[in-house]
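Here chain A shows up in two complexes: once beside chain B, once beside chain C.
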Partner chain A sequence: MSIEVRNVSKNFGTFAALTDVSLTVATGELVALLGPSGSGKTTLLRIIAGMEDPDSGSVLLEGEDATTQRIQQRKVGFVFQHYALFRHMTVFDNIAFGLNVRPRGLRPSKEEIRDRVMRLLRLVQLDRMADRRPAQLSGGQRQRVALARALAVEPKVLLLDEPFGALDAKVRKELRRWLRRLHDEIHVTSVFVTHDQEEALEVADRVVVMNEGRIEQVGTSEDVYHHPANPFVYNFLGDVNLFHGRVENGQPYLHPGAEGEGHALVFVRPHLLDIQHEPSGEHSFKARVTHINPAGPVVKVELISEWGQPVQVNLTQERYRELRLQKDASVYVIPRELKAFIE
Partner chain B sequence: MLSLKKNRAANAASQPRLVRRILIGSTVLFLGLFLLLPLIAVFAYALEQGGTAYWMAIKQPEALAALRLTLMTVAVAAPLNALFGIAAAWAIAKFEFRGKNILITLIDLPFTVSPVIAGAMFVLLFGARSAMGGWLLDRGIQIIFAPPGIFIATIFVTFPLVARELIPLMQALGNDDEEAAVSLGAGPLQTFWRITLPNIRWGLLYGVVLCVARAMGEFGAVSVVSGHIRGVTNTMPLQIEILYNEYDYVAAFSVASLLALVSLVTLGGKKIFEWKSRQHIIDQSAYSAQGGPVESTAS
Partner chain C sequence: MKTRGQKRILPGFGLTMGFTLVYLSLIVLIPLSTLFLKASSLSLREIGDIIMTSRSLAAYRLSFGASFAAAGINAVFGLIVAWVLVRYKFWGKALLDGLVDLPFALPTAVAGISLTTLYSEKGWLGGVLAEVGIKAAYTRLGIVIALTFIGLPFVVRTLQPVIREIDPEVEEASAGLGARRWQTFLYVIFPNLLPALLTGFALAFARALGEYGSVVFISGNMPNKTEIVPLLIMTKFEEYDYAGATAIAASMLVLSFLLLLTINLLQWWSRRHHAVA
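After this line comes the complex of A and B, so read on.
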């Protein structure tokens, strides 16, 4: 089922949570709402679910206006950051809840409910946990139960609010790959909220970058990462070095004292900077090494530029060994790619 | 939990032993002198002239009437205040509205008003010489110096107990469970019976037990509205006072021992419900304690 959000605004008191937001999600798509705290992403998700009413604008589900529909009528599955499992029920009863509360005429028979719950438990790989209580499960298992519970009522749309936010880093990575595979299997239109750019880029078909109640950019992982629409998106999606500069004949230049006409903000990701012992090319500048962290797949080198600005460079392990870098060494930093936004 | 225990142990170890012993010793001494000893004295005095005298004192019609009225008062006040407590806690914990803080303050009012004043308030409101009391009397309904007055005064005094217990509990539990239930298609009543009530049941029972204990022991407010009509409007505490004032110590302490016994049972019940309720919240926090800051719904 497709989702269409049209010109939605929402205020909490004097705080503008959403300002004139419009968004379309196609049937079967997996979309991430990505942004920092307070960017309005959770509010947008809750408005789509019907848990929050927009001050203005409308929400269309499958082309039909759902703005005034109650949550129960919208056929959305909602997964909460803290799972919201019913503590006093077993895993089985949690998943069966949505079927058990149906009016008698629409309720499947006991056997059908049993079959469906067991099928879902197998889908989320928890078929041996049916009789456990939520308190006896790990965080990752709980979130999978929550997902199975949401899927049990066969929702047209699956909405997930920071689904991995409460999990530790390792489980979180496993679970998000699993979610991607699950989505490829069942193809239910899904929207999930996250503040973790890596998670959004890895899992989603399309990423919606939000900031201060507005949408900054919508696009595939590649679009938003390699072709950011503005400085906020560039900054938010991964580490970045920010320099002052100017643009001349369409070419960006680093220029620490630049001001006025042609002044631009120049962004360079740490892995697009190289270090050499000699100056090279027109963009290179002198810097002093202040810290080296060689642990991990890349070596993170921190430097201070000749005009006193901290700079971060990520080198491959080979390049780092080649250079024989030492702390306090004087070197040259060579940008391989500059991205400029004119102010 | 483990680190918490360690902390406590470290803390205790850093205190000088002597200080610890003096503190524990004086607390035990104080409790013994002011709580345990009088309680034992009540039972000892009641049984001084043997079991038969004790039994005779309790079997007196007036004493039995007092017991009946007390139990009836509990039966009226506890369920009503349970209902009110759930409604108030629900309103306060789950909704945002103007004047919420004033409402919370008002709920506490019976704690700050002296029970005697509370009783006097109802006499002014429902007494024979008041407009409302007169109107009701004309229709054959007597409030003051009759059981209804006692019920009303008791309800007033025990008013905050359930609400006070449930408000922080429901605030801690949050709205997620109910929202999850509704998103799965449950109606408001189904959500209440299947989700909310099971979540708050131990806290609710704890509040009700407190309410029962207070309703049985209430003296001041009830004394003002009761009129002390023997066998009709005397509750157990009032009956005890009358017997005591008449120097009938054995009878007074016999009835008192009965009241004390019920209090001990309530204390036990209270302890169990309190423990169960805490268990429930620990389950819940173990749940969200997986790390990561809780993001507000406004994000």
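After this line comes the complex of A and C, so read on.
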């Protein structure tokens, strides 16, 4: 089922949580709402679910206006950051809940419910945990139960609010890959909220970058990462060095220019900077090495530029060995690719 | 907690346990045991004769019945009051919250006299009730009213922290799965409240059983009709019938203890079956 959000605004007191937000999600798509906390992403998700009413604007599900529909009628599955499982019920009863509360005429038979719950338990790989209570499960297991519970009612739309936010880093990675595979299997239209750019870029078909109650950019991972629409998006997606440079004749320069002349924000990602012992080209600048972290797939080198700005450079292990870098060494930094936004 | 060989975080189990036993003995067990000592001067047959008179039996029925009814009323309306006080923000909430404790603080005789004035046929509420043919003061209904008044804080105060702990997201999850409001309440919220509700009920019930001060004013104290057990005990005292008074008191104690024990077991059972993490 497709989702369409039209010109939605929402205020909490004097705080504008959403300002004139419009968004379309196609049937079967997996979309991430990405943004810092307070950017309005959770509010948008809750408005789609019907847990919050927009001050203005409308929400359409499958082309039909759902703005006045209550949450019970919208047929959405919702997964909470802190699981919100029913702690007095077993895993089985949690998943069966949505089916058990249906009016008698629409309720599947006991056997059907049993079959469906067991099928879902296998899907989330928890078939041996049916009789446990939520308190006896790990965080990752609880979130999978919550997902199975949401899927049990066969929702037209699946909404996930920071589904992996409360989990530790390793489980989070496993679970998000698993979510991607699951989505490829069942193709339910899904929207998930996250503040983790890596998670959004890795899992989603399309990423919606939000900031201060507005949508900054909508696009595929490739789009938003390589063709950011504005400084915010570039800054938010991945590590970045920010230079208060200038633009002359359409050419960006990292060095700060004279007052008021073609002033521009120039961004360079750490892996697009190189270090050499000699100056090369008009963009290179002198810098002093302040810290080296050689652990991990890339070597992270921190430097101070000749005009006193901290700069981060990521080198490959081979390049690092080749350069034989030392702390406090004087070197030259050469950008391979610049991205400038004129102020 | 068996902790042989295992380190306790707080030391002094022996000391605190010893203190607990001495304290409970001094405050509760020794006074009660003198009651049983006194009662033991009577043979079982004599005790039976005292208890089985129609006047005593009527008093037992009334005391347990009215207390049960009052605790039941408090369980229902106390739950609503606690819910409103925890879940909603409104002007004067702190004041209302403070009002709940008043029945604790008010001398019971004051409560009894005000309730009697209010519910007598010339009182504000009693007048209205009289018009529809209901007599409140000097009847069993009046007793239930007084007992409800003094029992209210127990239910509200035991439920409040438990309601505060319920995550509103759980209700949203339930609604999102298609549950109607009453289903969310019955299947999701209520099981979490049940142990605390039973505790509140038991406390209100116990308090009502022992209540004397407020009831004597509103009940009219007619033997066989509106005479509660505590009053019967007082009457026996005033007639210098110490043996009779202790016999009734001791039997009341045993019965109350058995009832409270049953409620505690029920509560323990409900806590196990709705295991709270």
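The rule is simple: the second predicted complex is superposed on the first by the 339 of 343 C-alpha atoms of A that agree within 3 Å, B and C clash if a C-alpha of one lies under 4 Å from a C-alpha of the other, contacts with A are read in each partner's own complex, and residues count from 1 in each chain.
Keep this in mind: a contact is a pair of C-beta atoms (placed from the backbone, for glycine too) under 8 Å apart; a residue touches a chain by one contact, two chains touch by 3 or more.
On a predicted model such as this, the values are computed, not experimentally measured, just so you know.
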| item | value |
| --- | --- |
| Side-by-side fit of chain B and chain C on chain A, or clash | clash |
| First (chain B), second (chain C), both or neither touched by A:Val101 | both |
| Partner chain(s) touched by A:Phe236 [first = chain B, second = chain C, both, neither] | neither |
| First (chain B), second (chain C), both or neither touched by A:Leu167 | first |
| First, second, both or neither for A:Met51, with chain B first and chain C second | both |
| Partner chain(s) touched by A:Gln72 [first = chain B, second = chain C, both, neither] | both |
| Which superposed partner A:Phe86 touches (first chain B, second chain C, both, neither) | both |
| First, second, both or neither for A:Phe12, with chain B first and chain C second | first |
| Touch count on chain A, higher of chain B and chain C | B |
| Partner chain in contact with A:Ser37 - chain B first, chain C second, else both or neither | first |
| Overlap of chain C and chain B interfaces on chain A (superposed complexes) | 49, 51, 71-72, 76-78, 80, 82, 84-88, 97-98, 101-102, 134-135, 146, 149-150, 152-153 |
| Chain A-touching residues of chain B, taken from the complex the two chains share | 176-177, 179-187, 190, 194-195, 198-199, 280, 283-284, 286-288, 290-292, 294-299 |
| Contacting residues of chain A [partner chain B, same complex] | 12, 15, 17, 35, 37-43, 46, 49, 51-52, 71-72, 76-78, 80-88, 97-98, 101-102, 134-135, 139, 142, 146, 149-150, 152-153, 162, 165-168, 195 |
| Complex contact set, residues of chain C against chain A | 167, 169-170, 172-180, 183, 187-188, 191-192, 274-277 |
| Residues of chain A touching chain C in the complex | 49, 51, 70-72, 76-78, 80, 82, 84-88, 97-98, 101-102, 133-135, 146, 149-150, 152-153 |
